[in-house]
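These are the structures in question, set out in turn.
Two complexes follow with subunit A in common, the first pairing it with subunit B and the second with subunit C.
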Partner chain A sequence: MAMVRRRKAIDGRLSALLLFLPPALLLFTIFVVLPIVEAAWYSGFNWNGFGTPTKWIGLDNYWFVFDSRGFGTAFRNNLLIIAVSLVIQLPLALSLALILAERFRGSVALRMLFFLPYVLAEIATGLIFSFIYDGNYGLLASIFRAFGAEAPHLLASTQTSMLAILIVVVWKYFGFHMMLFIAALQGMDKNLVEAARIDGASRMQVLRHIVVPLLYPTIRLSIFFAVVGSLQLFDLVMPLTRGGPADSSNTMVSFLYNNGVSRMRVGYGSAIGVILFVICVTFAFTYKRWFMRDE
Partner chain B sequence: MGLLRKLALAAAGLMLSAGAVAAQTTVKWLHIEQNPAQVKIWEEAARRYEAKNPGVKVEMQFLENEAYKAKLPTILQSKDRPHILYSWAGGVLKTQVEAGVLEDITAGVGSLKDNISAAALEAFTVDGKIYGLPFNVSQVGFMYNKDLFAKAGVEGDKIKTWDQFLDAVKKLKAAGVTPIVVGGGDKWPLHFYWTHLAVRLGGKPAFEAALKGQNGGFEGETFIKSGELMKQLVDLEPFQTGFLGFKNQQALGFFGDGKAAMNLAISHHSATQRALAADKKGIPEDKLGWIDFPMPAGAKGQPTDTLGGVNGWLITKGAPKEALDFVKYFVSDEVQRELAKQNFLIPTYKGAEAALSAAFMQNVARNIAASKYHQNFYDQDLGPSVGRVVNDATAEIAGGSMTPKQAAKAIQDAFKQGN
Partner chain C sequence: MSDVLTAPHSRPIDLVPLYKALFLMVVAAFVAVPLLATVLGGFKTLGELRTNPFGLPTTWEWENYAGILLSQRYWQLLWNSTVISILTVVLTLIVASMAAFVFAHIKFYGSEMLLSYLTMGLLFPAATAILPLFIKVRDLGLLDSYFGVILPQVAFSLAMSILLLRRFFKDLPHELLEAALVDGCSYIDFFRYVTLPLSRPILATVGTIAFVHSWNSYLLPLVMLNSDALYPWPLGIMVYQGEYSSEWHLILAFITLTILPTVLIFIFAQKHIVAGLTAGAVKG
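Our next item is the complex of A and B:
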């Protein structure tokens, strides 16, 4: 009897597998695996994107990438974005979440308000901020002038272009992380907090020893999103600075676009893509292995 | 009653289907023109063509300049590609011809060939075959605001040499006028300085030698000197504050608003600055001056040499024959005159330049006619892989992050990498 039942169960799982796996596998292969393999293949060619690649140059494209000053800057900029995401954005999101998870008048409205930037399309955000930052007509310029100071052209200087982008990044994404934290806080078992309060723990102690530890899974998830999102940052950069001036605000993806796509150097662009892919995969697997084992 | 209604419906249905049968061919036309006043004339030309050729529909599609350049390879290789494409000729055109995505229209152009400016048509001829029809030629030079020049006591007509030009910049600055506005964020407006200096310093021989890798290629004396002279100008801080963040459109608007004295422009920008000015009027014809790019000391090029573009329409592989037919109409005397009359372009149809009504554009037309060496924009002529590096490197000279030597080396390296 038991044997029969088990076989039935296996049969059921097998048919489900046969039914549901192939379409998913097919889509995954066509849209994820093949492009990656293709990019790796193209990266060995000197190719302008027309016809089929014929000029094999081995690993030269990779040397060109590592040799260029722009890629180093782009890589450092990505690290900077990650650092700012972790050090400024996440703590900001967490503290706002701790306040707004409580129910009080206007808390829902405030949540919506902070979440709004995340809903806005990246390109639109970039354009809006390029108007705000405009040194002649922008909002920022009028504020500076109101105080009698000369307006800075944030996007036009190699010193400040990255700062301008970082501000937009934090502004745009903190609401998303805040929402993640609020969801986690609301799903939290209130009894634990209450018990601690009865035991005489102060608000700070409750926060440090109960709430934040209970939030760890969400924090880990949030960090994961922040890092991967930072590595992929592109569509905010393009309308703001297009990676300029002098490559000062490129991310790895905008560097890929400016040097691979715009210059019609598909092989070179593919090489950057492969490098980016390796970085992302390494990070994703390492992080999952070390920090997200339990989930 | 019921029967009548049914009959009426059937008749209407018949008419509709008859209409559908008649409109068999759609010609898809992709352009990058931003000036609505000019696009309007184009549209009217398309509608007139449709009226004369029942059964043909001309569909206009628009892409912004930079977006168009980036998408072009993909567009060209898709099955759904437009039939008529905008082109700057040069190295990009050669690549497209090699890839076999364009139609050889030599036979189709026929006798129209003799009516088109030979130099302009030459730009669209690769290995003796014609791949496109030019409709506009342009010259790069300084357009200036006569009022602001007068305010600083500078006489625009007297500027012939590089040193006189630098003096004018100093005077304008001293008078509290922003000497030059430039769309440095787009980079190519900055590459005009370096390129035109090279055209002046070395003339045609220097460019041709560089292409062959002689005299140090683009790292040779002419090109390093171009960078150094450009640096002389940059060191005077002649540009508007924040110029590295300006797009060319913004720069033209800024000029049209009378906020800067000069702009190193493509000749037809004289019309664009009007469209982009805040008041939509810009600098009027009688206040707008033109300075041919000044001659540096020891220049080996001729003062008549010009830097500029040739713009035309390409016919893509497999396009219906109506596509070429429409383009032929577009570059015909009728349409060319109409565009010239409003000073939107320097026409390529011989004789149509007589319709130019502005002294400004008439002057440019004369310059181009007198030019024996008309250098196409480097960023088009050298193809995107090298051309973009020219743009990047020259923008870095302007931003002070590269020395003239480093810039020349970067360009030569890109040229040697050959992709």
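Our next item is the complex of A and C:
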């Protein structure tokens, strides 16, 4: 009897295995893994995507990418977005979280308001801000005119296009980071804070020596998401500037789109993709190893 | 805003809460003004938009909104987005929960390896391999079809979904499975009749993440779809903006109407959405 039951359980396991696992493995292999492997292969060819790739050019596509001024700018823009996320967005999100983690009338409503931009599509956000920045009809222009100044065309100048995008990035994403901090603050042991207060520590001291150190894991997580988010930023750029003018506001992904996808330069575009892949994976591994070992 | 000032923790002579209130007000304005200006802008004429982009419209122009709501185009876009998002969510939930169940309950040679293989998907964005992905979808004959967008979306959401679901399945009481197996219940029946009904919260979370990403996604449909008739709304609104390039009153009305479903769903399901999007982030 026990033997029969045992055999039945093993058979059940096997059929569950054979039925449940293949769909995920197949989908993932076909649409995620193979394309990445193929990108490495295609990147050795000069190919427009039709027929089979025959013109092998070795590593030339990579040299073309590194030689182009546009890619350097895009890479720097990605670093700039990361810098702004760290220097402006993170402190903003953290200080808002410290205020809004406490319950008072309106705190939940404000949390929701600040989180709302994160839920909106990047495309809609970009279009809203291309209206705000519009030199003729936009809010910014009318503010300038009210002071009798000439309205700036932020998106049309190579000097200011990236600044305009950075403002939208903060607008869209600070609420997400704020929510991460609020969740962490609410899960925090209140006794520590109270004990310190009873021992005569000031609010600032409690904040600096107890609350913020307890938030370090969340801060490391928030930085991780800021970097990963920056590396994939694309949707927001398209409605605002399409990477222009003169490639001044490209991110690496919009550079890939503008120079690889829209012109069907498969080899060149794949080389950019491979570079991006290497950057993402290297970053994820080193960051996890160095900063998130305990989690 | 006034209730911030009278918050219970504020003492009358303490100046800090006033700073805080001011700070909150500035940030709230920074977030809200662009959104309000968009909604109100849709009610103005182009001429008024130029002279008065901030305030309430002098006369409310309902035609902008009515014209869009009566157009077939708007509903077509919402329909396409709805079909793509719902199929993405359903497929993601089915495929990911089946795989997660195996990883949670069945020990077999190589399971660890397969799980790390699948979670590799967390390491890089879909954009990195977008050109080979386009060629793959084309060779499969799925170009310019809903499924050309849906299947890659499902594939890319698998990693996160499987991790979240597996953790939840593992935390369900183990005695349940043992008792069911003793009673002759198969793994597959256990999955269908016990695991899934008990896992509604995590299914809602995973579904929400997949839905929001699919509903808002732009790059994949942009590359995979050619015909306007299949465009989801982020693509459609870009086309609309191209056609009415500087008729901002119409574009603003169109933006308002296309983000309206998102905002409504957010208001009604805010707990799920916030929990889902942040949990996905933290546990991933």
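Criterion: the second predicted complex is superposed on the first by the 267 of 295 C-alpha atoms of A that agree within 3 Å, B and C clash if a C-alpha of one lies under 4 Å from a C-alpha of the other, contacts with A are read in each partner's own complex, and residues count from 1 in each chain.
As a convention for this text, a residue touches a chain if its C-beta (ideal position, glycine included) is under 8 Å from a C-beta of that chain, and two chains touch if they have at least 3 such contacts.
For clarity, every value in this text was computed on a predicted model and none was experimentally measured.
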Contacts of A:N46 with subunit B and subunit C, given as first, second, both or neither: first
Touched partner set for A:P117, first subunit B, second subunit C, both or neither: second
Partner chain in contact with A:A246 - subunit B first, subunit C second, else both or neither: first
A:F64 touches, of subunit B and subunit C: first, second, both or neither? first
First, second, both or neither for A:N136, with subunit B first and subunit C second: both
Partner chain(s) touched by A:T158 [first = subunit B, second = subunit C, both, neither]: first
Between subunit B and subunit C, more extensive residue contact with subunit A: C
Subunit B versus subunit C as contact partner of A:G273, first or second or both or neither: second
Touching partner for A:V261 - first (subunit B), second (subunit C), both, neither: both
Partner chain(s) touched by A:A284 [first = subunit B, second = subunit C, both, neither]: second
Doubly contacted subunit A residues - partners subunit C and subunit B: 49, 136, 257, 261
Interfacial residue positions of subunit B with respect to subunit A in the complex: 69-70, 73-74, 76-77, 95-96, 98-101, 184-185, 187, 241-246, 254, 383-385, 388-389, 392, 395-396, 399, 401-402, 417-419
Subunit A contact footprint on subunit C (complex, rising order): 1, 3-4, 6-9, 16, 20, 23-24, 27-28, 30-35, 37-38, 41, 46, 49-50, 52-54, 94-96, 98-99, 101-102, 106, 108, 114, 117-118, 120-136, 151-152, 154-156, 158-159, 162, 181-182, 184, 186-188, 191, 212, 215-219, 223, 233-234, 237-238, 241, 246, 248, 251-252, 255, 258-259, 262-263, 266-267, 270, 273-274, 277-278, 281-282
Complex interface listing, subunit A residues touching subunit B: 46-51, 55, 64, 135-136, 153, 155-158, 241-242, 244-247, 257-258, 261-265, 267-268
Sites on subunit A touched by subunit C in the complex: 5, 8-9, 12-13, 15-17, 19-21, 23-25, 27-28, 30-36, 38-39, 42, 49, 92, 95-96, 99-100, 102, 104-107, 110, 112-124, 127-129, 131-132, 134, 136-139, 142, 171, 175-176, 179-180, 183, 203, 221, 225, 228, 231-232, 234-235, 238-239, 253, 256-257, 260-261, 266, 269-270, 273-274, 276-277, 280-281, 284
